[in-house]
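Mind looking over this structure? Questions follow.
Per-chain numbering from 1; labels A, B, C, D and E assigned in written order.
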Amino acid sequence: MSDTLIPEPTMSTSATMRRNFWLGVWRVMKRKPSRMFGVIIIAGFAFMGVFGPMFFPAQLPDNPNAITQPPSWAHWFGTDPQGRDVLALVITGSRYVLLSAAVTALITVVFGTSLGLFSGFKRGRWDTVLMRVTDMKLTIPGLPLLLVLATVWKFGSPIQMGLVLGLLGWGGVARAVRAQTLSLRERGFIEAARGLGLSTRHIISKELLPSMAPYIAMNMLIAVTGAVYAQVGLFFLGVLPYESDNWGVMLNLAVFQAGAMITTNALGYLLAPLLAILLLTLGIVLVVDAMDEIFNPRLREE
Amino acid sequence: MITGTGITKTFKQRGNVLGHREVPALRGVDFEIAKGGSASFIGESGCGKTTLGRIIAGLETYDAGDIEIDGTPMSPLKHKHRQPHFRKIQMIHQDPYSALNPTRTIYQTLQAPLALRAGQTGRSKGWIDERAAEVLSLVGLDPGTVLSRYPHQLSGGMRQRVVIARALTVDPEMLVADEAVSMIDVSLRLGILALLKDLRERLGVSVLFITHDVATARYIGGDGELYVIYRGQVVERGPVDTIIADPVHPYTQSLLSAIPVLHGLELPGEEPVVPLESLAEGQSESGCLFAARCPFRGDGCTEERPLLRVTEGVPQEHACYYPQRRSVIARPMSEV
Amino acid sequence: SGSTNKSSSGGGGGLFTTIDVNRPGLDASAPANPYNPKGNSFSGFNSMRIAWVKNHLTDPNQALPGIAASWEIAPDNSSITLKLQPNAKWSDGKPVTAEDVKMSIGIAYTQGSTAFSVTPGAAGAAAEVTVVDPQTLKITQDMANPSPKFARGVLDTAVLPAHVWSSVLPADFWDKLKAARGEGAEAEKAREEITALGQKVLTFAPPKDVSAGPFVLERVNPGEALLVKNKSFFNAANVAPAQVKFLNYTGNEQIWNYLTAGKLDASGFVAAPTDVMNRIKAAPGSEVIKGYSPVAVSMAFNQSKKPYDNVHVRRGLAYLIDRDQVTKVASPEGGTPAITTTGIHQKAAQAWIPDTLPKLDPYKPDVAKAEAEFKDAGLTKKDGKWMLADGKAWKVSMHAPAGFSDWLSAQENIKSQLIKAGIDAEVVTTTDYPLYLEELSAGKYDVGFWLMALGPAPYDIFQRLYGASNGWTNVAGKIEHSPAGKGGNWMGDPEQIEVDGAKINPGELTGKLNSATEDQAKPIMAQLATAANQDLPVIQLWDYVNNQFVNNSRFTGWPHDDEILRLGTGVLASGVWIQLGMVKSKQ
Amino acid sequence: MMIITRRLAGHLARGFVMILVVATISFFIINNIPGDPMAARYEKLVEGGMAPEAAAQAVKVLYGFQPTGSLWQQYTDFMGGLLHFDLGVSVSRPGTPVLDVLTEAAKWTVLPVLVGTLLSFLVGVVLGVYAAIKRTGKLGDALAISGSLLHGIPQYVLALLLVVIFATLIPILPADGPVDILFDPGFNAGYIGSLIEHAVLPVVTYALSAYGGWVLAMKSSVVTVLGDDFILAAELRGMKRSIVFRYIARNAILPLFTILALSLGLLLGGAVFIEKIFNYPGLGLMLIDSVNDRDYALMGGAFLLITASIIVANIVADLFYTVIDPRVRSGEDAS
Amino acid sequence: MADQAPGVRIDGLTVVYKTSAGELPAVRGINLTLEPGTITGIVGESGSGKSTLALSLLNAVQPPGRISAGSVEIDGLGDVVGLAGEQLRKARGAHIGYVFQAAQNSLNPLKTVGKQLLDLGRSHGVEDLRGLVREAKELLGRMGLDGARVLDSHQHELSGGMRQRVGIMLALVLNAHLVVLDEPTTALDMITQANILKIVREVHAERGLTTLVITHDIGVVAEVADRLAVMYGGRLVEQGPTRQVLGSPRHPYTRGLIRAIPRLVGDIDEARALPGRPPTLVTVPKEGCVFRERCELRMDVCDTVDPTVVADGARVVACHAVSVKEHAS
């Protein structure tokens, strides 16, 4: 029966599939213009984080004669109390924020996913123990813990910052992934794969993970926002060491030093990082909206 | 040859610290399926058919008893060593929608187990592609159009065929078909059944057919054995046609009586048996499990549980103190 | 000495709204106890002191009358005799007597204060407290280690009602105190016991506020505290407000908000950026009264770190940093750029060392001079960047605690100035002040900011520069020096430094100031100022200005007299002005 | 009833263990906090003109009672105290037991959190239903997107914006504490009015920041329920719209109640930003203060209290569910 | 309220669903008459439009679907397609009882059956609620259940068969005389199914109803229905008295369907699968015979012309081949 034509899709294998995937993503994105907008925003932030600082000198030019100026043509968001351009600060500051957010997201997702997968897949005693730990972790309130931790550790670099936030943030993902794993486990196809003798690695990486991709991706984006908020918030509260162009520090200085609440001169200094956060939120919200469709081949193609 | 002796399974329904509920799903089931042969399990919803099927396919553990595959008992083996044996037994799920990974194309679905085989036997990638096309052709699908599809792009019948094709990739000795057609369009069901029958005949794959529809059991495994299961216990066991024609256990009789009569074509059986209603209540654990619902219950039925055995004048094994033939099934008008 | 101003017309009533800028976070559960760090006791309002000491430029013993109407200081500072206000009364109507004051002094001993300390050998400690008559007390100084500011220490003591607080001190307290002044194990034990009493004092919660001040605490909630006029106050007739409301705050921005909204009738100084300052000044009735604050901030070096051990490097930096610019960015209203590094606030310097001041190097910004100094120090300039003598990169790493925004601004500005001059620089913050201090004194930082020139007493002025932080400790009048990096010596100046060709020991000189009279002090001050100027253990950046915000919409009569404005730290000046009858309700 | 008691027993046991663990963690973290509060206090006194020796003595008085003894000793003392609800004595407020400080602060947290959460819950749930019903329309889209946005915006951003608008640009609302002192505390119009006026901004911030979550949760819950057969069945039986609506609402709101209880617990600790920005003297602000004051005892106590409130909220949520969902009540798993 | 079994005349009924490919008909040009007092069964495979048709009887097609043409005349109600608002709501339940496809989930999980019954009574302005409860208990008792206990139970406390009976009770308790049962036994096991079918038959007779039973299982229709209609791709391809249709099916689809059922007795090999597969909304031919792709009697005309519905006494068939044969014979 066999030497029938070697069917066409076998040659197409991964390359075409990948192409089809991206075509599908394109279709999903096109369906709602808002999603495109979201992607553009996120791409913009990513670009800003990677290349933004390159457009500016390491030490931003300051001007002691023009400190805390209101927005003008020269300085779209005005200047800070050192007379530096606020927009430039936001842009150069994005790297810290986004880098640590990326680290957080990575840790959250990798740690949370592996733990959730392991727990849901192994079940039994391991599951019980891990989930108790996760429960406990989830019970401990993050922000207060961070406040207390901030007195013990110095979050010197964005990587360290991201690390700590990541280690505090995996609980939710682990929970969600475990729940997903448990429910997928009951699906026929996982059982079939086990029956066929496929390796656990195959089952996890090829069968489970792709099905959970939207959840994971969504959680990753949520982790990114969460991390941005948490760290900016901590800097804002002033419990973390100061970094001159950090968004949170800008907020802190705008409020507690430049008097943004009192004079409109400093309003730009306050609003610029706020707007950056809002915009990032918006971008992420819009993209999360498309996540399910991107990873679901059915929704992708319709 | 696959045999099981005294398979017992009790589910512990998760409670909390202070205890849990026990659900006895199987109570010492014996079975035997010859190479290339067939067997059918029938019974009401919740009687334990699926559980038994999953145990046979190695997807579920059991509390007592043992399964022997080609003479090798499974219990003493470690999980890792059992696996190659159980791989010879492949399960066809009831629901072809969930049995295929929606994120993987049919090619990917078939390729994974084939790649495993290829790796073990040192075959080339070309062989994988060839074999993928081959198994699809075996189940009557056109590889050219199907391979690159995602499951959602196929109809229910095609999906079920893909599921069967996937099972065939590992050259199984037995297929466990759990209600394999109940979610498929009526007009297509017979196609799948025919395919299974065909595979049995051509490839010598034995088929274990799990269903609540006796007629389909007859279609696939007319020459095999029928196991009637009630609340985890086999209450009647024998050749399919014998049991259909001459059921002796009141539960089997109720099941057969319940089959709708095609009024234009058939005449109803003369002595239909309707069980006394009280399925949910009074699930007493003592005596005959069916006693509470049995219209013919007699002395002793509620005291000691009847075990599967052969009695005089009854060709098939049964677990009833008062076995009696009754004409319950509808007969075609043409025969009358 | 002075007397109560009785000329003004009476009360007038009204609500006086103010804020204690030194104490964020009013705590509703804290007692009206002046020693409790969160206590709801507002100095000048419901908390009275013997007198209100001033930050005179040179004389630490000047004060405005408080519960003491007048006092006499022995010419050799060996004693002070207090005359209480003749009709001073507690808010519950009982008279304030010399016994009350004596008990207050006893309580002060348990807490430790400048004049009432049980630490053996403490300078300027009192030896004896004698009640002469119900209105008169005499307090003598232990002349073993006298201090010219003994009287200040006595005057600056809170008075508490004996009939409320007496249970806090045991009956044999004065005997114990006497024992504590001795030597040996017995004395040690007595001192322990007195210190232990301190705990009791600290946590003592009077059932209700009994005040000898113009006001008495009515109630506190987490947002505000309300005080009402003390009808029994000796000068009640001239106390204008009927009620005083203390607002709470958690951050400066809130005070700015109050001020721009014209909510506050008076407030101590709070740093504010220029724009905010302008808004505040623009508020109706708003006025800023400039006062004197004997504090300066400096950029301090850790000389165990290279290249700061080299005086040329420090001088080079002094020539580079434009202090005017730094001050303009960091503290435009609250500070004036230091004219040069002297270790003394410039106003006080003019009084203390008028002849020496012009001779000191002003370190005017001068790149050429700076570069010459760096070259002298062996530094090299490569690709426009200054390298250390050993060829390694040089980065000026400045530290500050995170909450100190004016310091941070200053450091940011300095950083940018240095970078422009080819010196790499960075600003590193520490989460908070306690940690900053701990790490600073552990020698973890290269460069940090440091407060100094804490007048008016000459010893206090210089001990910030040539005291413990620089290795010299003063134990019972004996000066000892620990080497750099040990015993809290993080500045690391050598024990002897050369000034105008002569070797001096600045620590010892500073120690001498502790007992020197004004005339004796002057030449020493000149010597030390010159030493600081030439050796530059720190670079003095700006001298603080103690501005007071007042509002003329509801009350008038704010003093503008510089002398009156120089009230000591920790006192709510407006409370003193009110009790003296200066402040009037606007009709 | 049996089930409820059983569940409660399990929860309490687990909650107790949790508290012990958290207490241990906080004890050790807090014991490792660097920074010497004595040094800072000393500096302050010296800056204020006190002689160094005297300042040293004053500091000793203030911090003289700092815990001494081995770490293990301190730990057992701490845990022993816990069993009697004794959280030690505040360092920055000498003489005041931590528990007193906490209860005082908790008072100011609980009220606005409660009001804000309930308010947002009501509004969010109603609009969530609307968003679900109109989910294909523009309005539904707008509600959902605005919900996501508000849900996504950090609390402090909202709070800052509100302060800028209502306390700075158009100064119509106070942002400085919980009440005006001039009013006699008690049940009188002035005092209560002042309380309310001061609570407006914090409450609105809570409400706004929580609202998005409710809208989204309610929307998805309603969409799920709308897809349930029994709703169509009820319509096909000719049930009144109001009754059908009640069916939808009650079934959809059920899972939200759990979240509600949980979020109340979480909010107790999560109020840090709002309290800081509005100077509302609740637990969050106190936590920040205690961190800044290096008041170990207070910090540990606050942290513990916040965690405990979450644990309690968890238990309450679960029991609540047990009571209102007949499926759980009868022992079946409702998942 | 009609106290007698009403007749129903469905005329030219077309229902379309809005999809990404535009509005597509799920039910097209259906003419069907339910004689008063009869049980009519409709069989068809998944997606053939059975539920859509059933919902149309109550004018309850859910968005994105809508009735685009045709009428449903019910005695005593008029054209249901024209009803709206309160009128329509009152007709549902009181005139037409509907037993839901997945009756397992047709009850509010949070309320007891009794409370839902009272809600139903209030919705229809029943004044004598006690009477309603009595009636319900009677009905349940009639179906072999302990009425009081069932009314006191929540959905999850009832088994599938019990829920289905509760569904039937709720459809009948307001004294509706037209009852639509959509897949009343799907997902029930054999014995329960037989039981429910028996109840349907008995209740139908006792209360004098007009009943429409919808199923994909010919066996079910064969058990209960007087008349049988076969649907395929949204069209009615054949109808007639059950015994006649089963005994001598005319339409090739009906024939194929019957042949595809494995039987308990007789030669197994007679059973044969239908080739091809049922169409979906998108793949169903827009013109011509909907069944032609799978038809063994396919002719050229089938591709372009809709077969006309030919009535022959009580039997109706829509097939070119059949009419040709008839003409020939």
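Convention: a contact is a pair of C-beta atoms (placed from the backbone, for glycine too) under 8 Å apart; a residue touches a chain by one contact, two chains touch by 3 or more.
What you are looking at is a predicted structure, and each value in this text was computed from that prediction instead of being measured.
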From chain B, the most remote chain by mean C-alpha position: C
Best-connected chain pair, where connection means C-beta pairs in contact: C-D
Computed distance of Cα centres, chain C from chain A, in Å: 48
Distance between the centres, which are taken as Cα means, of chain E and chain C, whole angstrom: 93
Centre distance in Å when chain A and chain E are each reduced to the mean of their C-alpha atoms: 52
Inter-centroid spacing, chain D versus chain B (mean Cα positions, whole Å): 55
Per-residue multi-chain contacts in chain D, two or more chains: 34-35, 167-168, 276, 292, 294
Touching two or more other chains - residue numbers and ranges from chain B: none
Sites on chain C at which at least two other chains make contact: 257, 403, 431-432
Complex contact set, residues of chain E against chain D: 55, 58, 60, 62, 89-94, 97-98, 100-103, 105-111, 116, 119-120, 122-124, 154-157, 167, 170-171, 174
Contacting residues of chain D [partner chain C, same complex]: 34-37, 39-40, 43, 46-58, 60-62, 64-65, 92-96, 100-101, 104-105, 108, 167-168, 171, 175-182, 185, 198, 276, 279, 281, 285, 289, 292, 294
Partner chain A, residues of chain D touching it in the complex: 18, 21-22, 25-26, 29-30, 32-35, 145, 148-149, 152-154, 156-157, 160-161, 163-164, 167-168, 266, 269-270, 272-273, 276, 284, 287-288, 291-292, 294, 299, 302-303, 306-307, 310-311, 314
Touching residues (chain side chain B, partner chain A) in the complex: 57-59, 83-84, 86-87, 89-91, 93, 95-96, 98-105, 107-109, 112-113, 116, 126, 129-130, 132-134, 137-138, 143-144, 147-148, 150, 152, 163, 166-167, 169-170
Parts of chain A lying in touch with chain C, wherever the complex brings them together: 59, 62, 64, 67-68, 81-83, 150-151, 154, 238-242, 244, 253, 255-259, 261-263, 265-266
